[in-house]
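A, B, C and D label the chains in the order they appear, each numbered from 1.
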Amino acid sequence: MSKTEPGAMMKVLLAIVALSLLPELAGAAKPYMEEVLTLEQAQDLVAGCESYSAKHELAALSMAVYDASGNLKFFARQDGAVFVTVEFAHIKGRTAAVSALATSELAEIEFADQTQPLGIRYLDHLTVIQGGVAVPSVSGQHLGGFGVSGAPAEHDEACGLAGVKNMLAPIK
Amino acid sequence: MSKTEPGAMMKVLLAIVALSLLPELAGAAKPYMEEVLTLEQAQDLVAGCESYSAKHELAALSMAVYDASGNLKFFARQDGAVFVTVEFAHIKGRTAAVSALATSELAEIEFADQTQPLGIRYLDHLTVIQGGVAVPSVSGQHLGGFGVSGAPAEHDEACGLAGVKNMLAPIK
Amino acid sequence: MSKTEPGAMMKVLLAIVALSLLPELAGAAKPYMEEVLTLEQAQDLVAGCESYSAKHELAALSMAVYDASGNLKFFARQDGAVFVTVEFAHIKGRTAAVSALATSELAEIEFADQTQPLGIRYLDHLTVIQGGVAVPSVSGQHLGGFGVSGAPAEHDEACGLAGVKNMLAPIK
Amino acid sequence: MSKTEPGAMMKVLLAIVALSLLPELAGAAKPYMEEVLTLEQAQDLVAGCESYSAKHELAALSMAVYDASGNLKFFARQDGAVFVTVEFAHIKGRTAAVSALATSELAEIEFADQTQPLGIRYLDHLTVIQGGVAVPSVSGQHLGGFGVSGAPAEHDEACGLAGVKNMLAPIK
């Protein structure tokens, strides 16, 4: 995207800044770390979903993995999938990522009082349609969301959960 | 996305419709076919780009593959990539997909008369920033676009072209 | 759109790339082909709808044909149609195209559990308003969507289906 | 789009209103009429463009006709056209329709002082890219705009003008 390499340039700049601050850093707080979804984990999510789909002979799927910040990490559309699955996989995955809930769990909140649905589904870029699942790490941290579309909604969700299972203990 | 399986239901319905019309179809025109980008080809594009990136020790990348219709087919964001690369990879890939041109070729058109740039870059969802390449098939059909972001722009484009080369003759 | 002819230039470039790779291509996979909606088919859709409309003396219509990828192929607005029909015809046609379902079928999915509508109708560029129909080919492939607006919704849909019938066996 | 027929209902309502006002209307001003682009004229625009394109063996085109109010009237995408032509034909046609100028004339205004381009091309839904032409009636009224994309820009504009010529004196 640029004429220079921002990553390398930035590292040098940060090193200079850090060195200049060394005396002050002796008593500084330890850095605050967060566990972050990796590309390998995202690929394991999709691989687990693909295995489930093949086993159950589902229709062609779209699969979208978001990290917890709501940014797309990985996406794949199987050959022959109808195009609306692209939109549904994205919104399901994003919703689960930023809410740390399955979209079906969010539906339960939305309709807890059926006479007064909350209106979560009217908000931009959020959905309560089944098929988005939250992605936890082995240690229980929330890492992101995985959205699946193309099969009946229960299978979409089951695919997503098969992906999570495979990510936590991949068969390699 | 749904409670029922639209793909299967639709196929049955369409088959019924088609069969009911069979006698009238004797003189029907032959179907119009076009070659379409596959998921395997999209994965080969990304694999070729990743090899190039590893060899040249580039910064972390986002890589977006679109089919010729402008629909997302495959996307991967490498660990550590800055988030703006997501947007750049998408718009570069989409532009190359729908225009059948590299974004750098579109830049040449935009600035052919430097005193009167055309304004292509001001249109929504189009960019002339280097790093999106058109994806041809072995037989020379236009299949889609591949957008890369994260490295200096020349390397983004070289990554994309390495992807195309690998797709046309993958090392497996 | 450009000072040079991208289509022609691209074909030459692609041919050169393809030829230079020929020795390596001996084992390449066969191209993946899909049936694509033609302009003639789109015109037959609209002609069939116009006949139905004239026969039933419907109000002036807007009619929008999308291919399965969700890109507009053909559109016509009859004289005297109110302008909102432009928007309705587009969104109905697009929805049917990308979902491979009639918008009335999508409405059944949306309201399968009337106490918990899914929220499909709140998503951008999708509608469950009757009057968009899926367009199959003679061989049962999904080719796109046809959206009609201007008449009562049942007639909009009937117009769309009359278009499909005419496309599959046009009276010429 | 609705359960009732707005056109018919509206006509009855208007008739009632008009009748109730009859005594007051004796000295009322004559209605203000405007000439409006018809669907037949729009089809003649496209037919003229298609003839020009066939004669000059141009690449596949998208063609968009807008009426003077900036609303789409007619659109056709020829088989094999790259998809970006859909976007360009629309914006060119809309710009010519609402400005009553060819997009190339708007470019002359934009760049009249080359050191200080006005910035028209930065505005949403306007372009100065050649290929959109204004559509006059036989009596010289401004009726709309016709946008063409897919060929080199000079040919796009020539196609549009061939369409206008055919509309004003169609060969039938």
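Heads up, the rule we're going with is that a residue touches a chain if its C-beta (ideal position, glycine included) is under 8 Å from a C-beta of that chain, and two chains touch if they have at least 3 such contacts.
Just so it is clear, the structure is predicted and the values come from calculations on it, not from any experiment.
Visitor: Over half of the interface residue numbers used by both subunit B and subunit D, so same, or under half, so different?
Guide: Under half shared, hence different.
Visitor: Where the centre means the average of the CA atoms, what chain is farthest from subunit D?
Guide: Most remote chain from subunit D, centroid-wise, comes out as A.
Visitor: If you average the CA atoms of subunit C and of subunit D, how many Å lie between those two points?
Guide: Result: the chain centres lie 22 Å from each other.
Visitor: Let me have the rounded angstrom distance from the C-alpha centre of subunit B over to the C-alpha centre of subunit D, please.
Guide: It comes to 32 Å between the two C-alpha centres.
Visitor: From the mean C-alpha coordinate of subunit A to that of subunit D, what's the distance rounded to whole Å?
Guide: Distance between chain centres, rounded to whole Å: 45 Å.
Visitor: By the touch rule stated above, which residues of subunit C touch at least two different other chains?
Guide: 1-4, 6-7, 32, 36, 38, 69-71, 99-100, 120, 142
Visitor: Would you identify the shape of the chain contact graph, picking one of line, ring, star, complete or other?
Guide: Shape of the chain contacts: other, as it matches none of the listed patterns.
Visitor: Check the chains against each other and report every pair that touches.
Guide: Those chain pairs satisfying the definition are A-B, A-C, B-C, B-D, C-D.
Visitor: Using the touch definition from the top, list the residues of subunit D that touch subunit B in their complex.
Guide: Going through subunit D, the ones touching subunit B are 79, 82-84, 87, 91, 107, 110-111, 114, 117, 121-122, 127-129.
Visitor: Touching subunit A in the complex: which residues of subunit C?
Guide: 32, 68-70, 95, 97-100, 115-116, 118-120, 122-123, 125-126, 142
Visitor: So in the complex, which bits of subunit B are touching subunit C?
Guide: It is residues 1-4, 6-7, 10-11, 13-15, 17-18, 21, 24-25, 28-29, 31-38, 40, 67, 69-71, 99-101, 105, 109, 112, 120, 134, 136-142, 164-165, 168-169 of subunit B that touch subunit C.
Visitor: Name, in rising order, each residue of subunit B that touches subunit A in their complex.
Guide: Subunit B reaches subunit A through residues 1-8, 36, 38-39, 42, 58-60, 71-80, 82-86, 88, 129, 131, 149-153, 156.
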